[in-house]
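Chain naming follows the written order as A, B, C and D, and within any one chain the residues start at number 1.
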Amino acid sequence: MKTTDLLMKIDRRIIYLILLVVVTLPLIFPSVQSVRVMPPVEKLFNAIDTIPADKSLIIDFDYDPQTLPELEPMAIAILRHAFERRIKVLALSLYVQPLGLATNALNQVTAEYNSKASTRADSIIYGRDYVFLGWQPPPLVPILGMGESIINVYKTDYYGNQTDTLPLMQRIKNYSNVGLLVSLSSGDPPRWWIEYAQNRFGLHVGAGITAVSASEFYPYLQTGQFSGLMVGMKGAAEYEEIVSSQMGIVGRRKASEALPSLTYAHLVMIAFIVVGNIGFFIQRRHK
Amino acid sequence: MISVLVAGIFTLAPPTNVVVSDTPDDGGGAITIEWQLSADDAQLQRYEIYRSEDGLKYDKVGFIGRGRNAYEDETQDRTPYIYKVAAIMDTMRALSEPSTPVMSSAQWLDRNKINIIITVLLLGGMILYFIYRARRGRELYVRKISGLQAIDDAIGRATEMGKPILYCPGIGYIEDIATIASLSILGEVAKKCGQYDTKLINPHFDPIVYTVAREIVKEAYTDVGRPDAYDPDSVYFVTDSQFAYAAAVDGIMLRERPATNFLVGWFRAESLILAETGASTGAIQIAGTDQVSQLPFFVTACDYTLIGEELYAASAYISREPLLLGAIKGEDYGKIIIVGILVAASILGLLTKVPILQLFR
Amino acid sequence: MTLSHDPWVWISAILSIAILSFLFRDNPFYKLAEHIFVGVANGWAVTFYWHNVLMPSLFNPLFRQGQFLLTIPFIIGILYLTRFIPRVSWLVRIPIGISMGYAVGASIPAVSQAYIIKQIQGTILTPENFQAWNAGTTGIIWSVILLLGVICTLSYFFFSREHKGLLGVTSRIGIVFVMIGFGAAFGYTVMARISLLIGRLQFLLGPWLGIID
Amino acid sequence: MLVFVFGILGIIPFIIPHPAVQNVDEYLRNNLLKILAAFALILGLGSLLRVHIDKMKRKGQNWQYSWVLILTFVVSAIIGLFGGVNGTGILPTRIGSFPFDIWTIYLNVEVPLGATMFALLSFFMASAAYRAFRARSTEATLLLAAAFVVMLGVLPFGNRISPHLPSFAQWIMDVPNVAGQRGILFGVALGMLATALKIILGIERSWLGGGGE
């Protein structure tokens, strides 16, 4: 009788403590857990991978400190992929808050590449390989305006350069030179890109979103409006996985490192449910 | 390279058959332009739309990607406009023939919404008819709702233990139907609290709901003849920030140790924060909401949960007001109609070629 | 391992830990954090309403640009304050009635469209469902199950008859669908919530303590 | 009566696109209702302050924390009102390199506190699941089983247990879950419609404060 009580009435604080430990420890001692890549992420990877040489990729950085743990790893993984394949990248934000976070991600991945590069041709060079267009309010202005001319919307880039002087911008004029746009956001932006840029100009759109907003965006994937989709930490980890396994890119994989926390947390919850039920069945048999 | 050469030798084919019309079902100020794609559509960068008032001077008003054959232009009502559409490739431009002139105007009725009007009239009429019948004094049956039976016991238990009752109306506004239903249940709970002399705690998220709740509680105490027992500090406003409100209610649960928690109204993610904290204090918990996304958490963490419409029905059930009961009868017939539509539309959709989905946009 | 030098990071971190400490039991740190939370939330609300609503939509146009039409909302708004004067406190019903009437009225067509018409559209069977036996969720088997599930669930919410006979059977089946749905939604949400926790821990371990980067 | 008029005003713009109607609607939404909400906040704050000042006078349980609440409220309100939203007001909101404008306070106090409260949910989900997911009855077993399958199915290695597990989990989300939810939604929609009509026609009056009159 004692054991069943023990199994059925575990103090909630013990559950909390165990959960806290299994989530925290993998973060402090990171190890990468490999993960099977699911179709939505695979589709996104292929969409980026097949961008032709004369077209570019636009990344819409619209995450804030709240959603950073889930969305920043996606940005890093996509940038690594694009830089490795020498796909030209245009970066922008629809809001002002994400600008600093976007710079961080761009600088980090650029530095990763340039530390390995020996020649100028090998390096990632601003203006030639990527451009950070910055922010141009209100959101609909760039979304619609870039259909005609990108340099007319962004007369200067984030760093104050005249965009028409940048070599990349002389080739990438408007959406017809853009192979794919990936919107990293948990709010409205992915929907806006679909409603305005895709419906009017046929822009291909992919997205990276938080786990909380998953159910809201799945329908767009089913209808084919999204060329691919990453959801939450798991989606980010899958992209990291596919980038590393297909292209042999090494580097910190923050989402894959957080994945063990996610897995263990689920397992702990499942274990407690099982323990509770074992106690319940033993007790019922005694009666 | 080849395409450039080809384009260099041949002229670009313009879009043809430009048709313009006043955009239907809108508030005016828009004209829809449609055209047949240029024969060279695949090579184009975009189409540009040009507009003229006099047929001589054309201004560019917009552009749209290739493969698209329609554009909506913003216009001044009651001015005639003529349009041309151009196919654009690099520096080349091929203009279509001008359209016939057209004016935009506002419409008084949005025809796309007729199905909504019919739905409202049909279901609303049904409900009103049964309310009217109830007014004539027909006896109406309402089945038992398990959460409601528990209310009396729960209040009795708090009284025996000498502990307060917490009534949390959630984070809805006064116009949310769940909040309104919650307020009528609050009235009944307050009456019982007055009768048994049990302390009531009623913290609020929205100032207007707070104002109304205060009146309701005060009147409930007066109704049962205990206006003296009413404590004006029992109903109060906390904050209109979602998680600050949750933090504060959690604090109340742990410090005041209510014997019974009512979590009835409109909730979002804080539902489980409140319900689990309440469960940890050993309180009996009665929850109710129409938020489908939060129901799983209430069902798991609370003793009784009023699911969706049960919440609305509860307020009628508890008051036993014939008019409110009549509405429930009307709603039930509404359900029969919905089931009927589902079945009939499915059969129609399967057996005929009627574009049935179009009716339910 | 370098601790943060930014005082705001320290404030955020200490407040976060104070909230987490609540899991152990109620304690002075949690009480402090809770009262700061409520206090600042209201301070922010006052700021927000003043700078983003009252100034741009009422006081500036009314007093600086002379849009006297705005005296009407101003007076109606002030009626809220009659609440404090017992003799005329019934006047508070005017602004409440206005807000209420408008919102409830607007909800009638919105509810009909989003909750009734759209849902009917998603449920009815069409020939497309018959193109495959079990293609994803739109194949014939699943779409028929979906339709029956909806009808049975709806029958559970039938209040004016006792749940006996046929209604008893369908409402039992309805409850089966509802419970499976609730369990699934619960399980599905776990990942989203754990992600939030990981986010908070990454903040504490990273920018604050500097243990991870 | 007022409710009736404004209720109709709420319904109409949904159906009639004419600018005459839409402009009135926009004015109502953007000006009148927002301004009314701002005034209502005064009522709420009055109530909050009264409760806490009372508590301090009576030296009731935990009265010291009421000081914290009122102090943080007053300070942040003053900073917000006079310092401007981004520190552009008349009050200086920066000492050296240390900014303390209301936006910084919001980002570093409200946001982390809110995020941590939100993150508490992962703990609460664990304890709620442990306590409630027991195979006591048919319903509870269904709840338990569905949650169990979906939790396993979304895991990175869910497909290693069985390759069909992730798609089975997705099926549960798409078919039984959707059916249950839709059934509930139809009921909710009918209830909302009925309540809205009752309010506009003045049959339901509980929101006025008390059922009488």
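Everything below uses one rule, namely that contacts are C-beta pairs under 8 Å (C-beta built on N, C-alpha and C of every residue); 3 or more make two chains touch, one makes a residue touch a chain.
Keep in mind the model is a prediction, meaning the values are calculated, not measured.
By number of C-beta pairs in contact, chains C-D lead all other pairings. The central chain of the assembly on a C-alpha centroid basis is C.
Averaging C-alpha coordinates per chain and comparing to chain C, the farthest chain turns out to be A.
Averaged C-alpha coordinates put the centre of chain A at 31 Å from the centre of chain B.
With centres defined as mean CA coordinates, chain D is found 27 Å away from chain A.
Each chain gets one centre point, the mean of its Cα atoms, and the points for chain C and chain D are 4 Å apart. Taking each chain's centre as the mean of its C-alpha atoms, chain B lies 14 Å from chain D. The residues of chain C that reach two or more other chains are 19, 22-23, 31, 33-34, 37-38, 41-42, 44-45, 80, 83, 96, 99-100, 102-104, 107-109, 112, 116, 123, 150-151, 154, 157, 178-179, 181-183, 185-186, 189-191, 194, 196-197, 199, 203, listed in rising order. Touching two or more other chains at once are residues 113, 116-117, 120, 123-124, 174, 177, 208, 211-212, 238-241, 243-244, 247, 255, 280, 295, 297, 299-300, 307-309, 313, 328, 331, 335, 338 of chain B. Among the residues of chain D, those in touch with two or more other chains are 14-15, 37, 40-43, 45, 48, 62, 110-111, 113-115, 117-118, 120-123, 125, 127, 129, 131, 133, 143-144, 147-148, 151, 154, 181, 184-188, 190, 192-193, 195-197, 199, 207-208. Taken pairwise by the contact criterion, the protein chains are fully connected, each one touching every other. The part of chain D that touches chain A in the complex is made up of residues 111, 115, 122-123, 125-127, 129-131, 133-136, 144, 147-148, 151-152, 154-157, 159-160, 166. For chain B in complex with chain A, the residues that touch the partner chain are 45-46, 63-68, 280.
Interface residues of chain C, counted against chain D in their complex, comprise 7-9, 11-13, 15-16, 19-20, 22-23, 31-54, 57-58, 70, 72-74, 76-78, 80-81, 83-84, 93-112, 115-116, 119, 122-123, 136-137, 142, 145-146, 148-154, 156-157, 174-191, 193-194, 196-197, 199-200, 203. Across the complex, chain A is touched by residues 23-24, 190-192, 194-199, 201-203, 205, 211-212 of chain C. On the chain D side of its complex with chain B, the touching residues are 14-22, 37, 40-45, 47-48, 50-51, 54, 61-62, 110, 113-114, 117-118, 120-121, 124-125, 127-129, 131-133, 143, 181, 184-188, 190-199, 201, 203-204, 206-212.
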